[in-house]
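Same chain, two partners: subunit A is paired with subunit B first, then with subunit C.
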Partner chain A sequence: MAFTRKPQTYSSSINEVTIGTGDKAVTLGGANIMPLYTFDAPAKNKIAVGAEITDTGVDRTLPGIAAFYEGAETVAEIAKRASEMPGADFVALALNGADPNGDNRSVEECVEIAKQVADAIDVPLVITGARNVEKDTELFSKLAEALEGKNVLFVSAREENYKTVAASAVMAYGNKISAESAVDINLAKQLNVLLSQMGIKPESYVMNVGAAAAGYGYDYVASTLDRVKDAALAQNDVMLQMPIITPVSQETWAVKESIVSEEDYPEWGDRETRGVDMEVCTAAAVIAGGSDAVILRHPQSVATISGMIADLM
Partner chain B sequence: MALKGLDIFKLTPKTNCKECGNPTCMAFAMKVAQGAIPIEKCPHMSEEALATLSEATAPPMKSLKVGTGASEHTLGGETVLHRHEKTFVSENLFAVSVSADSFDEKLPEIEKIDYERIGERMYVEAVNLEYTDKESYAKLVEKAAGKGRLLILDVKDAEAAEAALEICASEKPILNGATPDNYAQFTEIAKKYGVALGINAPDIDALHDTAEAVEKLGYKELVLDVTADTVKDTFANAVQVRRAALKDGDRTFGYPSIVNLKRIAAGDAHKQTALAALFVLKYGSIIVMEDMSYAQALPLYGLRQNIFTDPQKPMKVAPGIYPLNGADENSICATTVDFALTYFVVSGEMERSGVPVNLLISDAGGYSVLTAWAAGKFSAGSIAKFIKDYEIEDKIKNRTLIIPGKAAVLKGELEERLPEWNVVVAPNEATNLVKFLKEL
Partner chain C sequence: MFTLTFKIENQRQDIKCQVEAGETVLRAAERLGIAIDAPCAGNGTCGKCRIRLISGALEMPQNPRLPYSDYEEMWRLACQSKVIGDAVVWVPATASAFKEDIATADLSTPEELERYDSSIEEIFRSGLSLTPFEEGCGVAVDIGTTTVTAALLDLKTGKVLSKASRGNGQIRYGADVINRIIQQMRPGGKERLQKAVREETIIPIMEVLLKDSGKKSSDIKRIVLAGNTTMEHLFIGADGDSIRLEPYVPEFLELTDIDSEKAGLPAAPGSPVIFAPNVGSYVGGDITAGVLDTLLWNSEQMTLFIDLGTNGELVLGNSDYMLTCACSAGPAFEGGDISCGMRATTGAIDSVHIDEETLEPEYSLISGDRPLGLCGSGLIDIISELFRTGAVNSKGKFVRESRRIRYDEYGGNYIVAFASESGTEKDIELTEGDLDNFIRAKAAIFSAIRTMLGTLAMSVDDIDRVIIAGGIGSGIDIENAISIGMLPMIPLEKYSYIGNSSLTGACAMLLSDEAVEKVFEIGRNMTYIELSTEPGYMDEFLAACFLPHTDQRLFEKN
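Right, the complex of A and B next:
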């Protein structure tokens, strides 16, 4: 008997959420197939790749990153350079310096930096906060006001602050938010339900269901992604049909493999190569699992992953 | 297709004789359907019924043993498409592709990758032997044999294949060389030497037809080389083959797969890393790479270990003293549970702090801090016992012990049990450890 194709397409689909404005706006989601199963049916939108920059400046200890940002000194110059990174669809500004346990940069300063970034680029802007609930609540509210009309995506609103963040970022100033949960499908769904009950429309929010670097509990991430996609498509659970964004770089550049020096671990070889491989390995895994957008740091990672996406879609 | 309990019940004698250990034939049938007991437990099944059932209850994907001795591996045998549905059973293997010209240069690089991660040896399990010409191929096989790695004979020339198998058949290699044109001859060779046969074809339809033709020749020790000309088609093949076998009951595709990344991403190591990750998740049984550096191995083997761990069993690290950042007997101690995820997060943050710490891991059943505490597996008693059993007070002079913030409640009792120690409570979240340790 000849091989019989049984394409797996669904009547339900992932919501579409557009970020940014103008020609370079990016639409996430829209698929009615399992992630990357373009042999079943065409995917509606390409998976998006973001280039991460931070308020704390460029990590010039890595030669590849230093070379890419050479000559870009000011926030605006760095942002512009990132927006031109081959393969990048959006810029992701990580306000790491705002962390009260770190530099504790003031909200006013962060707003100033974000404005400079937004004015320097024509691609969509994603902003990830300090990952501190109180600080992010205030930060996102002020940023949303300052960036009204830019259609910025804020990553992330959490269970503890979703009301304030959604009310200011989405309802008052028309930006987009991501609902963050910690690798648990039930928590992800619960937060989506709460946001929808506030009147936040499906086209206004995405979700971040949690991330981990490869080898660091990635099993939970893989299964959460699998279950979310199955619920969204096969079971038509409208409260799990949000597109997914995964901040990969924050996880992968914080693990041992990407940090320890070649002097300390000579057999492991060049640190930058290790960091890129950890970043692309994890990014490929979350994309296979169903991420509609990933945030990456290294220009080589952005090129590799956008190349892989182009090959597959 | 799997039979339902009722279908099996129809084939039983329906006498409720209880000889199988079950109260009724119906109860027996339900258990057989779940795979809980084998059909042979019933002594009264007719031959005919047994034949029907063994066909119907055969696994949807063949479990194939390849290699010998320490390099024997089981491939396939999967029953689900997603690990949360039950578990994946056979970890994918990683192979590096070598040729007669590159072997001497590549072997030391391959052998360099050999380390342990959470109780598992991480190394390049297989080598893919590329064919160039008859004479050099035999030499390549001779060199590669006996190196403790599964051999994949990537050869479509029948004469060269036989010559290679004369050298290495006893190592149970995979003969990856059957195509729609040569399959009859290659099936005979594989049968003769008793080795698994790999099949490759220009497209998925031809792959199916060829696999079916080989099955008709009576050979079912098969591996499907799903590699196509492009990344897109290779991925499509890998997914459709596995899905057809597990979801749609297509037995002809119920075999392990080979994906050769050198053929679709030659010269691009980072891209091969990304694609290897893709195929670890999506159905590559053997993933052939051009090279395997530490930079590639570290994330890929970690990912594989995560994906193929049984979701019902937590991953544990071995109890013991883990000196971080060059800690010695004068460095402070910290303790947490043996749940692998906790260990990695905590040790990662501690390493980031640069502060020398002796991390003491005791047996807490593989649970997270709060769960282990609630279950009584991480208590003042268990920590004190660990310190005694592992003779920590003899091995380490420092008397500061950091305990997890989530187990702060243990401080009082610990101070009673370990009067010489200064017990310090860490923050609730591991992300705050760097600051905490630096300020300690």
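Right, the complex of A and C next:
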């Protein structure tokens, strides 16, 4: 008997959230199939890949990164170069220097940097903050004002500051936000409910359900992503139908495999290769789990993952 | 050695004692039998054991439960204050709230008596027969973690001759069973805990019962005790640690062949003392006796029985099978773990309405003129009202502005009564921390219900009726309890309240050997679910830690 294909599509779908403006704007989400199951139905939008840059400059100790950004010295030049990275759909500015426990760069300085970045690129801009609740609250409010009209995505609002961040970034200045929770489906949903209760529209926010580098508790991330996608599609849970963005690079470049030198661990081989491997395998895993966008640092990772997406979608 | 003097409000005589340097005021008070309520067992976490330093000095570290302004006004926490010299302290009357008459389901109102009469009638209409006693009377006691309630019955006629209740004297060793067990395992703890419940609580209650009915202790021919597993262990002096520690298997489930001498209770020599049987570590004799009262075992209807006491216990089933579990709801429903919480007694706010526009409250008191705090039903009301009016969000965080809402470094606080209106000379306020504690307590109840239903692949719609028992139950507004996600969203008419089912069950056991047999059978037939080892429970719990619930479809009105 002939094999009859039964496409597994859902009547529910992931919300669509557009970031950036003009021709290069990117729309996240929209799928009504399990992640990458394009044999069931075409995915409405491509999974997006972002190239990460930081306010603290380029890590030129890695030859691949140093070569890619060669000649780019100013923030604007670096941003422009990142926006042209093959395979990158958007630029993600990480304001690591704003961390009060680090350089504690002032909000005014951060706004200046962000403006230069936004003016230098024509692709959408994603801004990840200092990952400090108080600083991010202030930072996102001021940045949202300065970048009104740019349709920037701020990563992330958390339970402690969602009210202020959503009120300024989305309601006052029309930008987008991501709701971050700590690898738990209930906590993810609760934050989405709180945002919707404030009157934030589904097309204005995505979520970041938490991340971990492969091997560092990734099993929790995997099961959370699986359950979120199942609830969103199979159970039509509208409070979990937000697209997911995962800042992969911040996790993978902070683990031992990506940090220790080859001199100390000769048997592990080249540090840059290891870092790229960690970034690529983690990104591939979150994409297979249902992430609609990933943020990566290394040009080679961006090329590899965008190639994988192109082949599978 | 130093001299510590206690000046006690409303008491003419001061009490002096010699104390060693470094001893805490609370320990000294315990030794002298001065009642200072310490629900957290002196861990410095509840802030209830406030006393005032009049002269001399005490050493006390900063404590988040005592604001600096109060510290400046010489308020101290008795459990944290060490004696470092001669001192005089003042003990407010509110420190000994447990000794007062606690409004509880103790057969003292006509409705309760009527409910009791019809319950007893129904139990004996179900096929159980009364034992033909020729003479004498019997005493039924419900040993609650917080309150002990008892009734004296004429065995021949079945009539209630007198009834009485009193706070459990063990309260000063902790509000919950875990703290009591920890105290029991300290040197001399077994005797102390036993004495607190027997000599200081049950025997005085029995004396009241005898006095009010004009009977003598030699008239008492039969005693039934129903308490949770821990209460029965502490009463008889068995090791409570077996309940507290893995694998949570108590020293005994059934206690038989105990007479009044062995139990140390006043009665005619050789009178039997019957203990309602336990099912597991956290489901005890109060539940098996209570189930007898619910008639759950005699009905085809799928019944959910909830006993809301210091611990929440649940029974789900019908005449074919019964499941039971306990959830660590904690003492929030009885006012513990809540900064302005108190038991349902004089001065307790038991119902609240909040204006949607102004957020101004209207409240009623159980009795008295000035509010002292909020009891369980008042807490359910206020949280439901704060949520309804949008003053707090689904996470239990304050999000509106009003003269009633004050924000500080720990979050928002809602002022229920300003100092000028309250009976404590302080604002009565509900903090975000209180909301957190309460939300966890209600989540424990609801997630236990869901987990238990889940093991049978049932949903809340399969429940035919819900029976609520326990001290908190009488005043509880079911609709409000549903709106905050504490009880499942099913038609209100399916809910009923049966008062102190443990005491009623114990009374039935007093009057009938067949009822005793039945309770033992109920105990053996119940399937005990240990929630702490149930894999899905934690997930259910987290989902329930939200107002009303993370899965809002469970509480959608249609």
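Everything below uses one rule, namely that the second predicted complex is superposed on the first by the 309 of 313 C-alpha atoms of A that agree within 3 Å, B and C clash if a C-alpha of one lies under 4 Å from a C-alpha of the other, contacts with A are read in each partner's own complex, and residues count from 1 in each chain.
Everything below uses one rule, namely that a contact is a pair of C-beta atoms (placed from the backbone, for glycine too) under 8 Å apart; a residue touches a chain by one contact, two chains touch by 3 or more.
The structure presented is a predicted model; accordingly, all values stated were derived computationally and were not measured.
Enquirer: For the three-chain model obtained by superposing on subunit A, do subunit B and subunit C clash or fit?
Expert: fit
Enquirer: Looking at the overlay, does A:Leu312 come into contact with subunit B only (first), subunit C only (second), both, or neither?
Expert: first
Enquirer: Regarding the shared-chain residue A:Tyr218, is it in contact with subunit B (first), subunit C (second), both, or neither?
Expert: Only subunit B is touched by A:Tyr218; subunit C is not.
Enquirer: After the superposition on A, what does A:Met278 contact: first (subunit B), second (subunit C), both or neither?
Expert: After superposing on A, A:Met278 lies in contact with subunit B but is clear of subunit C.
Enquirer: Considering only the touch criterion stated at the top, classify A:Gln197 as touching first (subunit B), second (subunit C), both, or neither.
Expert: Only subunit C; A:Gln197 stays clear of subunit B.
Enquirer: Name the contact category of A:Lys163: first (subunit B only), second (subunit C only), both, or neither.
Expert: second
Enquirer: On the A-aligned overlay, A:Val260 touches which partner chain: subunit B = first, subunit C = second, or both, or neither?
Expert: Only subunit B; A:Val260 stays clear of subunit C.
Enquirer: Specify the partner with more touching residues on subunit A, choosing between subunit B and subunit C.
Expert: When the residues of subunit A touched by each partner are counted, B comes out ahead.
Enquirer: Just to be sure I read the superposition right, which of the two partners does A:Asn101 touch: subunit B = first, subunit C = second, or both, or neither?
Expert: first
Enquirer: Quick test of understanding: once the structures are aligned on A, what is the angle at the Cα centre of subunit A formed with subunit B and subunit C, as a multiple of 10 degrees?
Expert: The vertex angle at subunit A equals 70 degrees.
Enquirer: Please indicate which partner A:Asp184 is in contact with in the superposed arrangement: first for subunit B, second for subunit C, both, or neither.
Expert: Touch partner of A:Asp184: subunit C, not subunit B.
Enquirer: After superposing the two complexes, find the smallest distance in angstrom between C-alpha atoms of subunit B and C-alpha atoms of subunit C.
Expert: Least C-alpha distance: 7 Å.
Enquirer: Touching subunit B in one complex and subunit C in the other: list those residues of subunit A.
Expert: Residues common to the subunit A contacts of subunit C and of subunit B do not exist here, since the sets are disjoint.
Enquirer: State the interface residues of subunit A toward subunit C in the complex, per the touch definition above.
Expert: That would be residues 159, 163, 184, 186-187, 189-190, 193-194, 197, 239 of subunit A.
Enquirer: Flag every residue of subunit C that touches subunit A in the complex, lowest number first.
Expert: Residues 393-395, 399, 539, 542-543, 545-546, 550, 552 of subunit C touch subunit A in their complex.
Enquirer: Subunit A touches which residues of subunit B in the complex?
Expert: That would be residues 82-84, 112, 117, 204-205, 207-209, 212, 230-232, 235-236, 239-240, 243-244, 247-248, 250, 252-253, 268-271, 273-278, 280-282, 293-296, 298-303, 305-307, 309, 311, 315, 340-341, 344-345, 347-348, 351-352, 431-432, 435 of subunit B.
Enquirer: Mind listing the subunit A positions that touch subunit B in their complex?
Expert: The touching residues are 1-6, 8, 36-39, 101-102, 131, 213-220, 222-223, 226-227, 230, 254-257, 259-260, 267-270, 273-274, 276-278, 280-285, 287-289, 300-301, 304-305, 307-308, 311-312.
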